[in-house]
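Contents: one structure, followed by commentary.
Lettered A, B, C, D and E in written order, each chain numbered from 1.
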Amino acid sequence: MSALSVAVAHRLGAFALDVAFEAPAGVTALFGRSGSGKTTLVNVIAGLLQPREGRVAVGGHLLLDTAGSVAVPRHRRRVGTVFQEGRLFPHLTVRQNLLFGRWFAPRGEPGAEVGAVVEMLGIGPLLGRRPAGLSGGEKQRVAIGRALLAKPRLLLMDEPLSALDDDRKAEILPYIERLRDRAGVPIVYVSHSVAEVARLADTLVVLDAGRVAAAGPAGEVLSRLNVAPLSGARESGAVLEARVAAHDDDFALTTLVTGAGALRVPRVAAPLGTTLRIQIPARDVMLSRDAPRHTSALNVLPATVAEIRPIDAAGATADLRLACGDAVILARITRLSLAEMGLVPGAAVFALVKSVALDPARPPARGGR
Amino acid sequence: MTGWLGPEARDALRLSLLVAATATGASLLPGLAIATLLARGRFPGRMLLDTLVHLPLVLPPVVTGYLLLIVFGRRGIVGGWLADHLGLVLAFRWTGAALACAIMGFPLMVRAMRLSIEGVDRKLEEAAGTLGAGPAAVFALVTLPLVLPGVIAGAILSFARAMGEFGATITFVANIPGETQTLPSAIYTFTQVPGGEGDALRLTLVSVAVSMLALVLSELLARSLKRRLGA
Amino acid sequence: QGGQGPTVFAAASLKNALDDAAARWAALGHPAPKLSFAASNVLEAQIEQGAPADLFFSADLDWMEKAQAAGLIAPGTRVDLLANAIVLVAPSDAATPIDIRPGFDLAKALGGGRLAMGNVAAVPAGKYGKAALESLGAWEGVKAHVAEAESVRAALAFVARGEAPLGIVYATDAAAEPKVRIVGTFPAGSHPAIVYPVAVTKASRNPDSAAFLAFLRGPVARDAFTKQGFTVLDRPAAAP
Amino acid sequence: MTGWLGPEARDALRLSLLVAATATGASLLPGLAIATLLARGRFPGRMLLDTLVHLPLVLPPVVTGYLLLIVFGRRGIVGGWLADHLGLVLAFRWTGAALACAIMGFPLMVRAMRLSIEGVDRKLEEAAGTLGAGPAAVFALVTLPLVLPGVIAGAILSFARAMGEFGATITFVANIPGETQTLPSAIYTFTQVPGGEGDALRLTLVSVAVSMLALVLSELLARSLKRRLGA
Amino acid sequence: MSALSVAVAHRLGAFALDVAFEAPAGVTALFGRSGSGKTTLVNVIAGLLQPREGRVAVGGHLLLDTAGSVAVPRHRRRVGTVFQEGRLFPHLTVRQNLLFGRWFAPRGEPGAEVGAVVEMLGIGPLLGRRPAGLSGGEKQRVAIGRALLAKPRLLLMDEPLSALDDDRKAEILPYIERLRDRAGVPIVYVSHSVAEVARLADTLVVLDAGRVAAAGPAGEVLSRLNVAPLSGARESGAVLEARVAAHDDDFALTTLVTGAGALRVPRVAAPLGTTLRIQIPARDVMLSRDAPRHTSALNVLPATVAEIRPIDAAGATADLRLACGDAVILARITRLSLAEMGLVPGAAVFALVKSVALDPARPPARGGR
């Protein structure tokens, strides 16, 4: 049984939403350009918009089924929502905003701990204040805390981190990951950032003009080349499963074993044996025909060119799929290099992966990656 | 003070305060309910209800008073029932004066509340819903606090109207000193006798002073509310 | 004749009678008079403030006298034209005659209910009622049970609606209200004469003012007044 | 219709419409100005102005009418000046009735507008300012359109009050058919004589119908405004 | 004379702003963590907040001087502002919102052209609609257009692109650059994104807790290593001036001449001779002791290690300043590589710069970088 099952058809003026997907537990990222229907879909799931036709189920719970005339009212859905525009209660203090959902959540059930959430979001000094005087990022953090503390059965987050700086993101992302992993709360996460999505998402749903352009396991979808134009050309890359195999305390490095081979990355605070997900952005993979020596690239993977696809025949770059051990990784190089190196499908190459380009999927490697 | 205001005048003042406060207080809940219905509801009789609420504004007060007498009098449809079943008599009682004032101020109160309710950002209510708050909780915890300025405005309008109302009051409950003679009734009486202007003026000043006090209090309350929302 | 009819500022209780009289006047080919009804005190204040009244028709003597004292009345024009009586009424379904005589116990007749009457300080019928009760020695006993209304019509309504078991109103009003019955009439001597004086205002420039006043005293108007239950006195008043 | 409503009644209806429309129309600008001042201003006399505006609500209408008569009468301080210098006579004219109704409805209108003005998001006005709009332009292009629901509410309250007001009107401008006799004055007059109830009821129904029409129109207008803002 | 001169002291509750800086024409980026005072400063410049003490001058115009009792009202400042929260007029259509400022701008002066702005922002289909139905990104785009079309003398942009996807950003950024270069409108740009800042900013002002932590020419500030912790460690890098020297149409490449040497980058749509600014992110520079051969790295620059600074002694990576021709570039490598390669100050190395890692400062190289 999928943790989240959504099928919706609805019209808003000239915009038509027609979307269906299933997602297993974990984080489902909704991805797509501005105006592609992400917020509209979020509204349907949260029960804020009654679609013309639709069916939404979370875990075992049927929340909406227009065919069967089921429409659980929003306050019984227990779908904690972080809205794109904050929506803090102006008459309540930050503390009261945070605790709002507590009143209505079932007493017995475990949920996020207030102190931990406050600490993680760095909003301790704001607790006694009212939203009107908060900065943009502060508001957004309070909104995240408010949704987390409502003990939701599903967490909907509509671009929750867009007003935050990288450091703050780096503190919040692992928390969301822990939520996913420990509490088992499924999360729907709307984002424009491939890095965020790659890091968090188990499932990726790419929307385009109200329709599903691609959906499936995040690694698969991100690796599929034709997603790139939709998702912002810069950031496509391969996503791999990785197991923590060794820690090197001297150099603060961790060795990960992946289908593509062993990779050394800045230290990851996860016990040996943990399984993580990492992304290797295509643009961070350099190719060499000779085995490179004396370079700063820690990770050199022997590989075979599987497919070459110019993104754009008139463009400067080409994307290559490389068979690398059991896995496929992506590399983006200039067409000139392609020609100079004489690469064709079947050619043997070395892929140089800068260790700092890895995106481990659990507590962040502080100080660069 | 004792010298300046005769005992009758002091009775009238006391009574007016009681009547105005009761009228305002008793209107609050029904006013809020009807304002919410009018602001949010989409039901068949909506326009009719709206007209009904405005009626006391449109009708000459004497007519309203007469209608009250017919409906809430001891032999009236409602009044008879109240008297027989609850032992509640309104006619010639201060409670009747409060009813009359409440009804005269009702359209003012409802409109102020309604304007405020219409100004509430429904997205906040939606957000409260997603956090698990049912409709009643959303209303109590989000809508109502945001609507407070309108509630205060409505209350002060109703109170002020009650301090000034006499047409409907005197027609419904007459002008019995110590029982139903409110300040405006007393003022009216004085204006009806040659030479009564001085007394009328004195009572008018008292009435204005009381209302001004209520107004100032309401403004202070509203300002502190606003300050809280502002920063 | 062309021009505008005179403007008459008249007590509200005269409406029916004056409407009728005015119609008869107009039927004779005169420009119709304009009738503005309100409480007598209001009318007096308005005339004092320069209201365009040609005639002032008050429901009691006090306000006419105040107007005269203020020099608002054309000397020698005042006529105490109409008279009325006050009566005790009860709801018609519960009416038992009451013997109105000195010392009668009205409070007992009320049986705990209220005596409805016009405001005893303001409304003429109230003033007369109080005077009558006082002269009959019944006021002190009933004082605490009085419900004063804003007008005599409102007092009548209290009785007609059964809110008050008894009320004091004009005979003219009582006659017209089927829901009440007269249970007693106050002796004429028990209260000041109930007189409706009328006069031309000093500021009147309307050529018909005097003629209309004369018409009101004439037989045609008399018919209109008596039809409403008034007694026509037509007693010229001495100049103040 | 001709048979059902006598010529006097038709005059009264016509006059009431004229008076109510004039009163409401003429109050709009000063109402808006004072509402803005009260909502936004921080000046010493603010509370005094606030009380002054509420006065007609607090005072018995007859007293208000009496004060109007004293101030705006032909022999009054202001009235005399107006008559001598501008040839403008208010007392005992329909214009005076309009003035009386305007003043009686003023507190209601101002409060509705003020509530709306207080509800305007000042950040939008700030944004307009950074785009080059001066205070007047900001008011006209941003504040006013956002305040329209309050303006409509204020107008309908003022109109309804004008349709029902008689205490101040009859005192200030008398009750001259075709000239100053509005519907409520006529209704009042009918209630003062035996047998007048039928006529009073008829006129009351007319008055209610007119107000209901105005109410429905205002609701439709407000709804279309809301729809525009909604999506 | 500096184009923008700001000195402000103000308190808001517990928060104290005390900032002074001068900036030449061009784009001044305000950079700093959430709550550091960026929006507060923007409000002071726009005339929305009267500070306790302060002086603000734009070009020759003194806008505020509390000492001299000068406080030009906001509508005479002609400071076009894009607010963090949109602030579209709900009662006006998108078109009316866009044209709002036109009514008040001096007729004669040239300004952005409506058609071009609408096209660039992709809001043509929205013109007849009202803001209530717009998506988050659509609102933000309209807000940008509204400020641009008011013919401002200074443009203030508070996180204008945070709700937009990369593709949309890639369309809007060059427009802002053109505005800076052609129209000569100085721009104050608040952002959390180092990439955006590096690309756009001539001057960088880094705020921390209401104070200026660093200020100066963008290249300098970004290259100064100690800015990294504040600005988000991932993105620091060197910023160089570059001249367009040659175009290669076959491979869609452009050769840029920089102080560090010639670089080949995906084709840049700028005429020969144009001067641009580019950023070389430290993490996109790989080092090799031997001259690499047969690799996909188009750009190999000989360099000398000038300084080595571990960002964090316990961290995995170290930052190196490399003297490279006349310029300094930055590289971030793991401490392990540092040890393995035996690098010390004075060592000769080759810096491998992936061409796709360049950030040209004028029309973007579509299709990857």
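Throughout what follows, a contact is a pair of C-beta atoms (placed from the backbone, for glycine too) under 8 Å apart; a residue touches a chain by one contact, two chains touch by 3 or more.
Everything numeric here is computed off the predicted structure, so don't read it as measured data.
Visitor: Where the contacts of subunit A and subunit B overlap, which chains show up?
Guide: Correct list: empty, since no chain touches both.
Visitor: Could you tell me which two chains share the largest number of C-beta contact pairs?
Guide: Looking across every pairing, the one with the most contacts is A-E.
Visitor: Compute the distance, rounded to whole Å, between the mean C-alpha positions of subunit B and subunit D.
Guide: The answer is 20 Å.
Visitor: Centroid from C-alpha atoms only, then distance subunit C to subunit E, rounded to Å. What do you get?
Guide: Going by mean C-alpha positions, subunit C sits 90 Å from subunit E.
Visitor: Return the distance between the CA-based centres of subunit D and subunit E, expressed in whole Å.
Guide: 57
Visitor: Roughly how many whole angstrom separate the Cα centroids of subunit B and subunit E?
Guide: Distance between chain centres, rounded to whole Å: 60 Å.
Visitor: Hunt down the residues of subunit C that sit against at least two other chains at once, touch-wise.
Guide: In subunit C, no residue touches two or more other chains.
Visitor: Among the residues of subunit E, which are close enough to touch at least two other chains?
Guide: 13, 85, 133 - these are the residues of subunit E that touch more than one other chain.
Visitor: Send over the residues of subunit D in touch with two or more other chains.
Guide: Within subunit D, the residues that touch at least two other chains are 62, 66, 188, 191, 231.
Visitor: Which pairs of chains touch each other?
Guide: Those chain pairs which touch are A-B, A-E, B-C, B-D, C-D, D-E.
Visitor: Flag every residue of subunit D that touches subunit B in the complex, lowest number first.
Guide: Subunit D reaches subunit B through residues 47, 50-51, 54-63, 66, 107-108, 111-112, 114-116, 118-119, 149-150, 153, 156-157, 160-161, 163-167, 184, 187-188, 191, 200, 204, 207-208, 211-212, 215-216, 219, 226.
Visitor: Where on subunit A does subunit B make contact in their complex?
Guide: On the subunit A side, the touching residues are 46-48, 73-81, 83, 85, 87, 89-92, 100-101, 103-105, 130, 132-133, 146-147, 150, 156.
Visitor: Per the contact definition, I'd like the list of subunit B residues that touch subunit A in the complex.
Guide: 123-124, 126-135, 137-138, 141-142, 145-146, 228-231
Visitor: In the complex, go through subunit D and note every residue touching subunit C.
Guide: Against subunit C, the touching part of subunit D is residues 62, 66, 69-70, 73-76, 91-92, 170-171, 174-181, 188-196.
Visitor: For the complex, which residues does subunit A have touching subunit E?
Guide: 12-14, 32-35, 38-39, 84-85, 125, 129, 133, 135-138, 141, 158-159, 162-168, 192, 194, 232-235, 248, 251-253, 264-267, 283-284, 286-290, 292-298, 311-312, 314-317, 331-339, 341, 352, 354-357, 365-369
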